[in-house]
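If you scroll down you'll find the structure; I have some questions about it.
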Amino acid sequence: MINMEVDIGGLKLKNPIMTASGTYGFGREYSEYYDLSKLGAVVVKGLTLKPREGNKAPRIAETPAGILNSVGLQNPGIEVFLQQELPFLRKYNTAVIANIAGNTVEEYCQMADKLGTSIDAIELNISCPNVKEGGVAFGTKCDSVYGITKAVKQHCKVPLIVKLSPNVTDITEIALAAEEAGADCLSLINTLLGMSIDINTRRPILANVVGGLSGPAVKPVAVRMVYQVAKAVNIPVIGMGGISSWQDAIEFMLAGADAVAIGTYNFVNPNAPIEIIEGMVQYMENNGCKSLSDFKGKIEI
Amino acid sequence: MRLVGVDMKNEICEIIHNKELTLGVFEMIFRSENIAALAMPGQFVHLRVNTGLYPLLRRPISIHSVDKTKGTVAIIYHIVGKGTEEISKQVTGVIDVMGPLGNGFPKLAGKKCAVVGGGIGVAPLLELSKSLSHCDAYLGFRNCTYKVEAFENSCNKVYLTTEDGSAGHKGYITDQLKKNITEYDVVYTCGPKIMMKKVMEICQLNNVECYVSLEERMACGIGACLVCACKIQEENGEWHHKKVCKDGPVFNAKEVLFDD
Amino acid sequence: MINMEVDIGGLKLKNPIMTASGTYGFGREYSEYYDLSKLGAVVVKGLTLKPREGNKAPRIAETPAGILNSVGLQNPGIEVFLQQELPFLRKYNTAVIANIAGNTVEEYCQMADKLGTSIDAIELNISCPNVKEGGVAFGTKCDSVYGITKAVKQHCKVPLIVKLSPNVTDITEIALAAEEAGADCLSLINTLLGMSIDINTRRPILANVVGGLSGPAVKPVAVRMVYQVAKAVNIPVIGMGGISSWQDAIEFMLAGADAVAIGTYNFVNPNAPIEIIEGMVQYMENNGCKSLSDFKGKIEI
Amino acid sequence: MRLVGVDMKNEICEIIHNKELTLGVFEMIFRSENIAALAMPGQFVHLRVNTGLYPLLRRPISIHSVDKTKGTVAIIYHIVGKGTEEISKQVTGVIDVMGPLGNGFPKLAGKKCAVVGGGIGVAPLLELSKSLSHCDAYLGFRNCTYKVEAFENSCNKVYLTTEDGSAGHKGYITDQLKKNITEYDVVYTCGPKIMMKKVMEICQLNNVECYVSLEERMACGIGACLVCACKIQEENGEWHHKKVCKDGPVFNAKEVLFDD
């Protein structure tokens, strides 16, 4: 029997496949494609204290093997999430993780309070490149990462996942700061800051000028960072960035990820998470793996 | 526990034909009983370009017409970039299709209607015109025209303009609409933004109900990623970002706020 | 008449198309494909004081729309370059730029001394991710960038180009440090640190474990950084990272680059630099541009 | 001023045929008068995979045989991953080819020679065997065999082994070579690393000159990028990294240092 269970900092998932924040709304749309109960976890769209309209369109540009987005945290606010979206997700037998973003440390703490134990874990988004205040600024300096993690941890009644920005000189330094401040788990990578220009109009394609790069193009950067971080810390790591197949998922887990999230590729193949779960089961069977620990972090150097 | 029907999927559909109608404009017919059975005029399909990772994203294309008995779907598309160019090269084999997606045009019973299409914007209007009891068509093109005959079969009257005068009247289709606007209760429009703005203006001035089909760059096509934002005004005057893919692509003109 | 001349910090090029260091050897190989005199400049493989054997093979991995390399500065050393390679390049009517890398600041200075005025400019490689000592470490902190630039500048008898690493939190900070220290020109980006694992062998594909990511995949990151840096500094900027067509070259120049370099794409299309020059001439003709300044930096925000 | 002849280019070559020889092994013939005229046994071509950006790099494949009068070139390749799979799908049209690249096998006049090929490694040896006055062939396969007849036509004697015994002797080709090694002055080999090591060992023990064709992952294929490093020992015992693409792919076995 194959056991795909994994513990990500106190939260047990039935399997290590999650969906990445912002690529999966609140699950409703993909629930029409497959049973969400098959997923290890759903990470919902980044939430803010108040509703946000996000940035102007166009919010998306295509780049070689990737996309740039500048949604800018459009969301209905945490209250609406709790009242109108969470109950829907709760009908499924899957973990629900709230991704939260604030303008100030206090806002993050308030959101943690409001979420209480109604969700299964909180993912701290301190790395969104698409908002002016807060966002990425929080995530790129060790002391601010330490500060915000420590503060939110005190308000957080469920496992706290800190999501790391790849737009930093030394990702391990940031990871260690988050761990030291009490993070139960780390997730990475958020998007790389990028830009694309339409040479005919001579304007940036994104109305917001810059945006976050995701998709297969970023995978080698993500795998490297997951490898570095998993070696450096003693808490679980959720890997993401360009995963499009079960082979990619295995690659991240060999690099040291305990679980993985599928983001951009949902747009290409709405069934991607399910096909990746199935492929991973097959891989485990073919390789005589009984549990994830039989290959997790088992890269041979 | 599963409370929502899990019935949507992306289908791998057989391509029946994929041919150039006129310079750079193609018609593709593919087999999908599911889409043919469910599609409403104004909805779209989301096509995967089969060259791998670039372009990565699917391409949204309106459903032009369906043949429920044969279980086939027709689309018309213009080659404007990498994605549509690659799609035009797939003359046989299969194509990965999500759909039908979005909300179509509301059909208002017993009203006098006009459909106003500009260029490739005529695509979603044909099936609509067939389903309306009283409908005129206003078709505006730059130079090449296509599908005019099909509208002639499904509409009372067809007004045709080309910018260069090579077919129909020379000029803009909105000038034709303006002349006759008082004859209609409802106008449905799809085409370049500048044309739709003009149509909306004409309808507003004459108190004619108007529905527009918006376009925006898309990723998921189903409402999950929020990249396809458009500004929609509520009754109370506030605006919100809505999703072209899921809340639209068809909106009531009086709600639509165009930037610039 | 179209004038494609450009001045990159005191060095005048006949056109803004150069070849990126490490992708073009010392020009010999591509000289069999076209006349090197057509190029604005040739930037030679990174040189070190002593010959270097570089890293073990495999030194290359393919990733979506990109490649990872870990050549590790294999080169015959600066003496052999001066004696055996430079004379060959000097037969062509194109600028020759020496890319240099050292283990210590002193080594960089010694190399600048040895090069003297025999080359047309020096490009300071303080951002190579493939060597243990020095390399990337120099390039990721403002004070070390300032220090090394200042020191080498005193030994440098030709324009000094500082090549920036993209593996940093804030590229403008580094760019400003280099400018302040006396750099005549900046070039960016070097490769992004990445990694790729063979899931069958469970080993990294590169013998060196990690490597530098280049090619179309990195273009949006490169364009963003060039845009940021060009806005921040008052010295010329050479843009590179994923350029594969004249459209890409124009995109970098709209973002603010004064000149551009072609790297990875040489491997795919050996005539890429020439086709890009030709495409750019055509673009300028079609758009009524008389000189590069008619579109350089002319992005409309 | 231009001192070096600018005569190399990548050519867009017409594909004449591209067919499966046996499970997963294909033969492609394309037209290139230039390559057919210049190619020496052991050289390779560098093929662009025409699906865009992934895989991005070209693929090095040995020249199997050329027909100088027809101006055509044949290659044999094994599908092992994305690149070779895509190449196998291009049954018509054109392919972008650089070549001939690298240094071929040195032909030593009047010597008694053997070519030793393992699997797809037989590809570059056929043309070589044709050009040698006295040559035996040792061909080792896992299970499927191919091109054996062609070697029978060009060689004195052909020794054949398969690992499963389905054709020729059961076992390894190196065991056959070992028995007869003293008959030869020169051995040329291409195949899996483990086989080539064994061949090198046998030759060394018996003081037979040996040339090996190395494989390494490549980017430029012409000597500019230095990714295709192999360890080559100099006369003085020092080793240096040389380029498989430009300094090789053929090296004298006594210079080659294999890691691990």
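Worth a mention:
So that you can tell them apart, the chains are marked A, B, C and D in the order they are listed, and the count of residues begins at 1 in each.
Everything that follows uses one rule, which is that a contact is a pair of C-beta atoms (placed from the backbone, for glycine too) under 8 Å apart; a residue touches a chain by one contact, two chains touch by 3 or more.
Remember, it's a predicted structure, so these values are computed and weren't measured experimentally.
Using the contact threshold fixed earlier, the set of chains in contact with both chain A and chain D is B, C.
Mean C-alpha position of chain A lies 34 Å from that of chain C. Note on chain placement: the centre of chain C and the centre of chain D lie 35 Å apart, centres being C-alpha means. Annotation: 56 Å between the Cα-based centres of chain B and chain D.
For chain C, residues that reach two or more other chains under the stated contact definition are 61, 64-66, 215-217. Looking at chain D, residues 53-54 sit in touch with two or more other chains. Arrangement of the chains shown, judged by which pairs touch: all-to-all, with no pair of chains left without contact. Within the complex formed with chain D, the residues of chain A that make contact are 64-65, 216. For chain B in complex with chain A, the residues that touch the partner chain are 1-10, 48, 53-58, 98, 216-230, 240-241, 246, 259.
On the chain D side of its complex with chain A, the touching residues are 53-54. Residues 61, 63-66, 68, 140-141, 167-170, 192-197, 199, 201-204, 209-210, 213, 215-221, 223-224, 227, 242, 247, 250-251, 254-255, 295, 298-301 of chain A are the ones touching chain C in the complex. Contacts from chain C toward chain D in the complex involve residues 22-25, 28-35, 37, 45, 53-62, 64-67, 69, 71, 74, 91-93, 215-217, 264, 266-271.
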